[in-house]
Structure formats: C-alpha cells, structure tokens
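The same chain A turns up in both complexes below, where it pairs with chain B and then with chain C.
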Partner chain A sequence: MSGPSFERGYNALKEEIDAPTAAFFSSCVHCGMCAEACLFFTETRDPKYTPIHKLEPLRKVWKQEYTFWGKLGKALGLSRPLTDQDLADWESLVYDSCTLCGRCSMVCPVGNDITYMIRKLREGMAAAGHAPKGLIDATKRAVTIGSPMGVKLPALQAQIRHTEKEYDVKVPMDVEGAEYLCLLSSMEIMNFPEYIGSIARIFKKAKVSWTLSSQAFEATNSGIQIGVSDIAAELVQRIVDVAEELKVKAVISPECGHAYMAIRWDGPNLVGKRFNFKVVHILELLDELRTQGRLKMKDKEARKLTYHDPCQIARRGGVIDQPRNLLNMLADNFVEMPETGKMNWCCGAGGGVSSNERADDLRLKTFARKKAQLDTINVDAIVSACSNCRIHLEEGLEEYHMELPLLSLTETIAEHLAEE
Partner chain B sequence: MSKDKTLGETLQERGVSRRSFLKFCATTASMMALPPAMIPVIAATLEKLRRPSVIWLSFQECTGCTESLTRSHSATIEDLIFDTISLDYHHTLQAASGSAAEHAREEAMQENYGNYILVVDGSIPGENNGYSTIAGISNKAMLLEVAAGAAAIVAVGSCAAFGGIPKADPNPTGAVSVSDLIKDKPIVNIPGCPPIPAVITGVLVQFLTFGLPELDQLGRPAAFYGNSIHDRCYRRPFYDKGLFADSFDDEGAKKGWCLFKLGCKGPTTYNACATTKWNDGTSFPIEAGHPCLGCSEPDFWDAGSFYKALSTPTEDIGKTAVYAGAAGLIAGAALGASLRARKQSAVKNHERVTIDDLDQES
Partner chain C sequence: MTDAEFLLWVRGPAFTTATFIMCAGLVIRFLEIFLLGRKADLAEARGSAFAGGFRTMFKRSIPDAGSFERSGFTLVSGYIFHIGLFIVIFLFVPHILVFEAATGLSWPGLPSNIIDATNVVTMIALLAVLIHRIKDPVMRMLSEFNDYLVWFVTFLPLLTGYLAFHRVGLSAPMLIGLHILSVELLMVLFPFTKLSHAFTLWMARWYNGAIAGYKGVQS
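Up next is the complex of A and B:
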C-alpha cells in the first residue's frame, strides 16, 4: 500500500466534513465554555487544551474548502493552507489530551458536538501518519491478532478452564442458537478474569442462555480510538459475522466504555447496515434481570460505595439509571460524587489515551479532578463498569497515595448472589 | 428700530430688564445643555450683537412652522428673539404686500449681502414652476438667488429639512429639501412638523452666539436632536419592564404604560419633545396618550402606519419574501450541490486505510 501521506489525510478531512460539522463550526460563538468542561484544561489551565481549539485543523479545512470567504482567502493567498506540520503540531492535542469523553459537547451553548468532530479529525490525522505509536501498535494487534493487547484464543481458553474449575460453572463457547453472544475486553481476559467467572455465575443463576465465541471474543475497537473507520468497520464486521452465524438474539457489550459505543452506536453506521440482533451493555442486561426478579442477593454490601460513570456508557451511551438501580439493590450506603451521571468527569484515560504512553504523565495529572471529587464524599470503595477506567483509576489512586479499592459492578453483584 | 443698534441697546430701549435678559440667557444655556459658566458668554455676545438681517422664505408649506413660532406661550423668550433679529422679509408676518414686499427682500439682500441669515420653511417643487411661485418667481429660482448672498441657511420644519409631506409618496410636485439644492452654504436643519418653538429660537440664539452649532449626520443641532424621544421618555421604565398599552382604551393605556405597540416612533425619533415639551412645557404627544409620529425624521409620512409597532414591516413584503425565498433556495441548492460535489470527490479519492498505512516509516 502507499502508506500515510498528507494528501490522504487532507482528503480524509474533506471527506469527513458533513452538514453537522459545517453547522457546528458556523455556529461556534467562541465563548470558551468548553474549556471549563475539559479535564485537560481544568487541571492544567493551559488554554491550548480548549476543546474547540483542538479542532483547528478540521476547522481550517472546512473554511478553506467549503466556505466562500475561506476559498477566496485561500485563492488570494490571504490565509495559509493547512500543512503537514500543522497536523504534526496538533497530534498531541487530538490524541493525548482528548479522551472523547464528550463533556465539552454537553456544555456548548449552541449545541456543538465537539467530540463528534474530534473523532472526525482523527480520521485525517491517522491517514496522514500522525497517530501516536502506542495506538498504531494496538490497532495492528487488533487487526492481526484479534485483540489490541495481543490476547490470543489459547490465553482465553486457559482463563476459561481456570474459571470453570474455580467456580464450578460452565462457560459456553460457540453455542449456536444461544440467546446472548457475550463479548469481552482484552483487559478483562488479562487483568480481571474474575469478570468471566462473574457473568458465568450470574447467568447460571438467572438462567440466561449465552455463549462466547472463539472467533470474535474481543469487544474493544482500536479503529474507533485511532480514528480509522475502515479498520473500525472491519473489527465490527467480525462480531456481526459471528452473531449472525450463531443466530443470537443479542450481543452483550462488556464492562468497557468505548466497546459499547463502537458496537452499539457506531457499529451499524460503520458496516453500513442494520444489525439483525440487539446490542446491550452488561449493566442494561443486569438491570433487566433485576426488574424481572432474576437477580437475587444473599446479603448487602456493607461498605460505603460510590460509582464512577464511564463516559461512553453514561454520557455518550445513556446507561445512567441502570447502574444506580443495581447499586441501590446491592448496597445501603451508595453515595454520588459531585457531578455524576451525564456530567461525570472522565477518569482521564479513555479514547485511546491509555494506549498512548506519551500521554502517561498528563493523564495522571488530570486524575487530580477525580481525587477532588472523591475527597468530598469519603467512601470505602469505588465501583465502576469499565476495565479501562478501572486500571487508570487504580494507577491514579496509587500515584496520589489514596487507598481505595476499585470494584467492578458485575463482579460485586456476583459476589453477593444468593445461593440456590 | 435702527439696525445699527446693538441688541443690548435695543433691549434697554424696549424696557427689558437686565434680570429678564439674563434669565433668558440662562434658560437658553440649559436648553442647549451648556455649563452655567457659558451664561455670561451668551449674554455678552448677544448684548454686543448687531441685529442680523433675516430673510424668511416660505415655499411648499402649511404655515404650521410659523404658527408654532408665533403661538409660543413663552412670549418673553420668543418676542425677545424676534426683536434681536431684523426680520426683513416674511410672507406671513410682514405688513407689506405685492411689489413692496419683494422690494423689502431685495433691499435687505443688497444691504447685508454675504451676512444675512436665510430661513426657509417648506419644500421646493421640482421642474414644473407652476406648482409654487411668489411674485412670478419660481421657488427654486428665489431660493438660489437669496441663498447666494446668505451667511448661512436655517431650514425650519421637516419640509425644508427633508422634503416633508409634499415629498411624501408619490411626490406629485417633485419636492426636494433645501440641502438637495444648496451645497455651498452652511445649512442647519430644524426638522419637526412643526419644530418646537423654543428649539427654533434656541438654535437661532446658539447660531448668533457661537456660530454654526454642532450638527448630527442629518444636519440637525446635536444640542436639541442628540437624544431619541424614547431615551428621554417618562414612559421608558414601562418599556423596560415590558408593560405596554395594547389599545387606546385598555388598562395599560389608562395606567400610562408604554405606547410602543400602538406605533410609537419614539425609539427612532431624535428630538427634544420629551424634555422641552410643548405649550410652555405643558405636555408632549406621548404625555397626552398618543404615540410619537416621528415627525422630525426624514420621510416620516411614508414610514408605514402611525399605529403599527416599529417592529412590523412598513410595506407589504409578501412578494419580496417569496422572491427572496426562491432566490435563496436556488442559491442554496446550487451552493449545496457544488459543496456536495466537492465532498463526493473526496469520498471518491478515499483509499482504504489499512494497518500498513498508519506508520510514517512504512
């Protein structure tokens, strides 16, 4: 293939600009309110982290390609056209200091979806060869090996064997006609294998018909994070193919933020057709089981708990009430952090930032915001529903010398399941 | 009265006390928003002035401006002023008639050539002289002739200043304003239909004392036309609170709320009515419960209904809106098509991005 080039990147930006993008740029009133909504601005006070500023290359292409005055200015040599150097200069703003958390989109007084446009700008950055090394490598592994962390099927099989022995459960694999196809994130397989045991126990008690797939067990989508729709579509297609082959009714997105966004919201657009199965997040399914009375608890969690909303699940995904219903079922002492739900603050590692080593210092610096939130409520443990949030929160707590256990909501429910 | 006597001497002869004179100067200074320190300056200047010759020409007008001036209740002020100038020619006010009257004009012009003040009320008809002549002379010819020797021109009333009612659509006489015809003399416009009497005299005093006053972009003295009626209106607090009269006999009207919705042109009209008021400071239209007509603004007669709120269009915009809409649709569709083509070409140029296309080195 021809490799990355500025021309390909520029063409991708031209291609990405659509009516909403044009409307957003035209209606921006330069109020700067998005800055105060952005973790990277509030924790650094550096104006370069103002969300709309991160979009400057895309705005320039829109102006010079699609507006009268922009075209005139460019033709007369009054405005400088976009250069490869511009994209290089913006790389760290677009990848290191944006987690696609979507908080800026919420506060924009004219309703601009800034996150939507960052995702578009990444298309051009990636095609021009300005994606971060860590994300490129993760994307390559996702395509060639099937997992961004390089997890292969034998590793999963080993974890399954271990799980089946430990919990005395059966983990179904490649079962045709199962109701649910369950996806996993690599992090769950490698760092939090208890998740597999947890869903196995819950589904056994709740009598849910489910299966894993040896062909498509990975739910994460590096193509979304790096900003290459061609690759993102390929990764989604793998899941679609398996779901159709196994004739499942629904696909369960695991405890992972962007995986849910990728398969639930972007998926059908990426592959260009409607799915003939439903997509649910594991928390949506668990809450449904709760309302059907299929989740029975033996006792309640005694600790004082709070919940960290993963951005892609809550703000961008709309799964806000379900975890709270589940937590109130699970614990008597569940408290909210200030600014939760759709206005929660990102952990600082989403949107591919955690795969990008260059951003390590910055993302740990931004953890100060989460620390400030936690300092106001004084809890015994944090519950969340995204293994990426979980890993980063653990790192952040360690960095800031805070001793707080981090729990997975699904795993905590499994621990409190009533015996037969 | 000899024209050679100064104003001070004339006043003394007429038995006007120094106290009344200074009171007049103080009133004038405050009307023009001048600092009190200027009162002695006005007094000293006026006292020393020799009465300038004034020629008053009336063209296409209704004599309302002269009525306004003469019916003023503030007789002491206006009489004073009219004794301070030598009004050598004025159709309505002069006793002479026929060729004697024209003779007075010619004599005043000859004696004071280059120094007299020309006051005009009424607009001037266009090419057809038949619409208005005086002693066989067309209005335009007379204006040009008298203006040639004037030190300055004062256009009194909206007709002289802007063309006024004679110029209203369809303008059958081809009426124009003084400033449309005279370009080489200082012109002060005192519009209004009619202007406030004290404003006419005030401008003349200002003119005599300090020379040409500061004018706004329409040639009006800023001292009297600097604020809008709306900004100085005593009903303004109701506007700010959103309390409006919706008809002339509703609760709002009885409570004296803002007349904006009944068509008040106060917000776009610049005049001193709200502060100086009329009939010796008794009242002004809004105080009497009627919206401002905007009579001191150009083309006020054609600015839509007097009783429609300023925010409603003045003309039937139906057709214009349809044409503009259609033009917008066509332009928008064309622009949209061109931009879409631009984007389509980008989509066509898309090369599938694979993992081998991500690294700079590869």
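Up next is the complex of A and C:
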C-alpha cells in the first residue's frame, strides 16, 4: 500500500460518493436542525460542530465531480478546488467531534443520513494522511498484534485461567464444531474480564455450545473508525477464516457497539461476500435464550435501573428491544431516560473518539448531555452493553461528581443466575 | 412592447422555455444522482429496506418530540410557509385553470380571499425565516448565496401575486405578466438550486429509511 497523499484521499472520496450521498447533498436546505441533534453542538453551542458542516470536504468533491454546475465551474476555474489544507483543517471536526452516533441522521427533515457520509469522508481523510495519531496507532496495533490495545494471546489466556479458577467454569478454546464462536473486545479482556466469566457461566447454565478462538478473539475494528477499508477488511477476514475453519453456526459479537457494527453490518461488505454463518449480538442471543426459557434467574435486581443504549447497537444496529426484555426480566424497577432507544444520546466516546487523546476535553464536556438525561430520572445504577461506553461513562460520572454504579447487562444477568 | 404584448410573451414562449428548462434540468439532476448507483448490502437483513424507506419518506414530515423542543421555530415557520405555498400554488382557482390547460386535470379551489390571506401569512413566515437565517449562528454559517437566492425567488412570486391580486400601481396585464415572469424565474432556477429538494428529498428519505430499515431500525 502506498503512503497517504492528497491524491489518494481525493480519489477515495470520489469513489465513496454514491447515489445516496448525492441525494443527501442535493437535498440539504441548510436548516441547521442537525446541529440540535448532535451532542457536540448542544453542549458547546459552537456552530462549527453542525453535523452537515463536518462534511464540507466531501460535499465539495461531490459538487465538483458529479454535478453539472460544479463541473462547469471547475472547468472555467470559477470555483476553488478542494485542497490538502482543507482536509487538514477538517481533521478535528471529522474525528474529534463525531462519534458516528447517528443521531443527526434521525432528525434531518429532508432525510439525510449524515453519519453514513461522515464514515465515507473518513476514508478520504485517512487516505490523505489526516487521521488522528491515536487512531493510526490503534489501527497499526490491530494489524500487527491483532488488537487495537495491543492485547496478545497470553494476556487473554491469563484472564481465562483466572476466570476458570474463580467461577469453576471451563472456557472452551478453538473447539471445532461448536455452535457459536464468541468474540471479545480488548477492553473486555483488559478492563472487564468479568465479562468472560459471565458468558462462561451463562452458557454453561443455558447449555450453549461455544468456543473462543486463539486466532481471532478481537472483535473491534479500528480500520472502520479511522476509515481504512482494506485494513478493516483484513481484520474481518481473520474472523471469517476462523469461523469457517471451526464450522460454527454463528459468531457472537461482544457487547462493544462498534465491534457489532464492524462484524454484523460492515463485515460482509468489507470482505465482499455474504457470510455463511450468522452474526448475533450477545444481547440478541441472551434474549433468545430468555424466550426459550433457558435463562433462569434466582432473584431480581432491587435497585432502580436505567439503560444506556450504545449507538451502534441500538440506533445504528437495530438491537433495541432485546436489552429491554432482559432488563424487565432482571429488575422490577427499570426506567427509561428521556429520549431513549433509537433516539438515545451518545455517551460521547464512540467512533474512535476515545482512542483520540486530542479529543479528551471535548469528550468530557459533551458528557453534560448524558448528565442532563440522567438528572431527570434519579436511578441507583446505569446498565449498558458496551465496554467503551462503560469506561467513558465512568469517567464522565467521576468528572461530574455523580456517584452511580455502571453495570454491564451481560454481567448483571450472570450475577442473578439461578443455581443448579 | 405594450403591456398586453408583454403578457402574451410571458404566457407563451417564455412559459414554454421555462417549463422545458425545468423539466430537462430535473431529468439531468435525477440522472446525476441515480447513475452514481449504490452497492448492494451483503450483510444479512434484519428488517425490510423497502418498508423502512417507504415509511421514512412520509414519517420524516413529522419530527420527533425532542426536535420540536429544540428546533421549534424552524419547524413551525417551515410548516407554515410550506403549507402556505402549497395552498396558494395549488388551490387558487386561476392557477388550477393553468394546470388544467397543461395537464387536463382539475380540482376544486379555495375562495380567493382565503388564498389572499394565506399568501400574506406565507410571506410573513418567509420573512421570519429569512431573519432567522441571518441571525441564527448555525444557519448563518451554513448559508451561501444559493440559500438567499432561493429565498428571493420563492418570495418574489408571492409578492407579485399579491400586487397583481390587489392591482397595485401598474396595469393589470403588466402585473400579471410580472407575476408569471417571477414564477418562470423560479421554474428556471428550480433544478439547479436547493429548490430541487422538493424532489430529491424523497430520494434522500428513501435511502435513509432503507439503510436503517435493513438493519431493523425505523428511522
């Protein structure tokens, strides 16, 4: 692969533009409503964070390359062509102040899927060499080490040994013919290893045939967040190879939202073929086990709980009812935040923002939106289903001096499982 | 050219030309969009792209509660001037006669004093929209020459229509001629400016809803 250059970036943008993109740019009436849907604007009131404005470079390319007047203007030298400097100027808008949360896409009155286009713009930005260092490094680690956080197999094996001892369960590894291949996110391995123990216990009780793989255990895909499709495809291909080799029926995405997006929705499109196995999110599987009567609880959670929908799981991923079914099974007092489910507000850390140190202050600033939501309901604990959301929510709560425990839905279910 | 000759010209050759430019321009715009194509989605569908697309085409006309709270002015003024435009364009009896002459289709209109009142309300709403565009920091940043041009050519037919209806200043043929000319300006610019959102937004909503619907989300 040749190094980044403006030309590569420009060509990537040209290639990314499709009929939906053209329909979206043609339709924007500059009404500004998308701004009010984006937490980066609502919490700063700075107009530059208006979602559609973040797309200026892509819009320029569309106009110059794919519209009659744009082409004419360019030929006559009337319009200023896109420059490398434009891309450089937009880098922080495209990466630091967008979590790809998709909320703007739900609100635009003409129906623009702005998030869809920001994802496309990132392809050009990365190809032109204008991506944040934190994300570039994470992506390099993902390719060379197999995990964006640099987690190697021995680290996972150590966590597994620990889990097996602590919970008296077996964590199957590389089992051919298992029904499910379970993926993890590095964050779960390093920060929340209880997740591994939780699924091991749940699957044991529910008699689910599953396995981990020593060759492909990482589900997150920084190639997507940074916008480098060939790397993203390579990371997906590793999972596909293992899933086919082990002949599993389905692959389980971990709680992590972007991992789910990567393997469930982007995966087949990145590698260019349909999967011959299914991809399910862990919450989808748990809800399925619930309806089959295979999840037996010993007691209910007494605390008043709410649920934070990770954007890529709910709004962008379609797993909205399942966590609610599970929570209603688990707790008597489950309440919704205002604007929830597909309209939930992002925690502020998705889309690679949390791997981008430059965005740290802004990320914590935008947490005020989550705080405002939480302030209206007065709960004892927040449940979520994404390790990335979880880390950031914990940080945000601390920053805003809010004492609220943060629970993983999967782990909470494991804690309340009925004994045999 | 006398006033009557001017009216004949705007109703004849000028109108034909404007109609032709508008239609040809729209076809070009549609082709420019459609020919770009879209890759097939290889992920296994959870929901229906078709149902999602269809739903969003209509559902997007009704905003979510949060947007109403946060963008109330934009929404209310937007509703008023769009509905107002619809009424004055399509429910004014002389306009219906023009449509009938062109297409053979006819429908009942509203009394002209109601149209006149709607016209005034629409103009006021459009003025409010303009002031909002200039004063609101987000809209001001987003706005380009195109946005103001579009505002102007939308407002002009309402104003000339009002003047013609009330016979202000000039001769009747001149006033009507100017009104028609202002509509022709709108028609000529229609495909090449943001005005075309009236057509392209159905595609945009369709794609948005289809992309979400495929994943099982109602957008």
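One rule holds for everything that comes next: the second predicted complex is superposed on the first by the 418 of 420 C-alpha atoms of A that agree within 3 Å, B and C clash if a C-alpha of one lies under 4 Å from a C-alpha of the other, contacts with A are read in each partner's own complex, and residues count from 1 in each chain.
Following the convention adopted for this analysis, a residue touches a chain if its C-beta (ideal position, glycine included) is under 8 Å from a C-beta of that chain, and two chains touch if they have at least 3 such contacts.
No experiment lies behind these values; they were computed from the predicted model shown.
Colleague: Based on the superposed arrangement around chain A, label chain B with chain C as either clash or fit.
Modeller: Pair status: clash.
Colleague: Give one of first, second, both or neither to describe whether A:K342 is in contact with chain B, with chain C, with both, or with none.
Modeller: In the superposition, A:K342 contacts chain C only.
Colleague: Considering only the touch criterion stated at the top, classify A:I226 as touching first (chain B), second (chain C), both, or neither.
Modeller: Only chain B is touched by A:I226; chain C is not.
Colleague: Should A:L76 be classified as contacting the first partner (chain B), the second (chain C), both, or neither?
Modeller: After superposing on A, A:L76 lies clear of both chain B and chain C.
Colleague: Pick one for A:I17: touches chain B only (first), chain C only (second), both, or neither.
Modeller: both
Colleague: Under the stated touch criterion, which partner chain does A:Y66 make contact with: chain B (first), chain C (second), both, or neither?
Modeller: Both chain B and chain C are touched by A:Y66.
Colleague: Specify the partner with more touching residues on chain A, choosing between chain B and chain C.
Modeller: Between chain B and chain C, C touches the greater number of residues in chain A.
Colleague: Mind checking 109-117, 127-135, 163-171 or 217-225? I need the stretch of chain B that runs into chain C in the superposition.
Modeller: 217-225
Colleague: Could you pull out which residues of chain A sit against chain B in one structure and against chain C in the other?
Modeller: 17-18, 66
Colleague: Looking at the complex, which residues from chain A come into contact with chain C?
Modeller: 17-24, 26-33, 35-37, 41-42, 45, 47-48, 50, 52-53, 66-69, 105-113, 116, 264-269, 272-275, 278-279, 314-318, 320, 339, 342-343
Colleague: What residues of chain A sit close enough to touch chain B in their complex?
Modeller: So the residues of chain A in touch with chain B come to 1-4, 8, 11-12, 14-15, 17-18, 65-66, 126-127, 129, 131, 136, 139-140, 143-144, 226, 228, 230-231.
Colleague: Note which residues of chain C are touching chain A in the complex, please.
Modeller: Contacts found on chain C: 28-29, 32-39, 41-44, 46-47, 56-57, 60-61, 63-67, 70-71, 74-75, 78, 133, 136-144, 147, 192, 194, 196-197, 200-201, 203-209, 211-212, 215-219.
Colleague: Would you tell me which residues of chain B are touching chain A in their complex?
Modeller: 339, 342-343, 346-347, 349-360, 362
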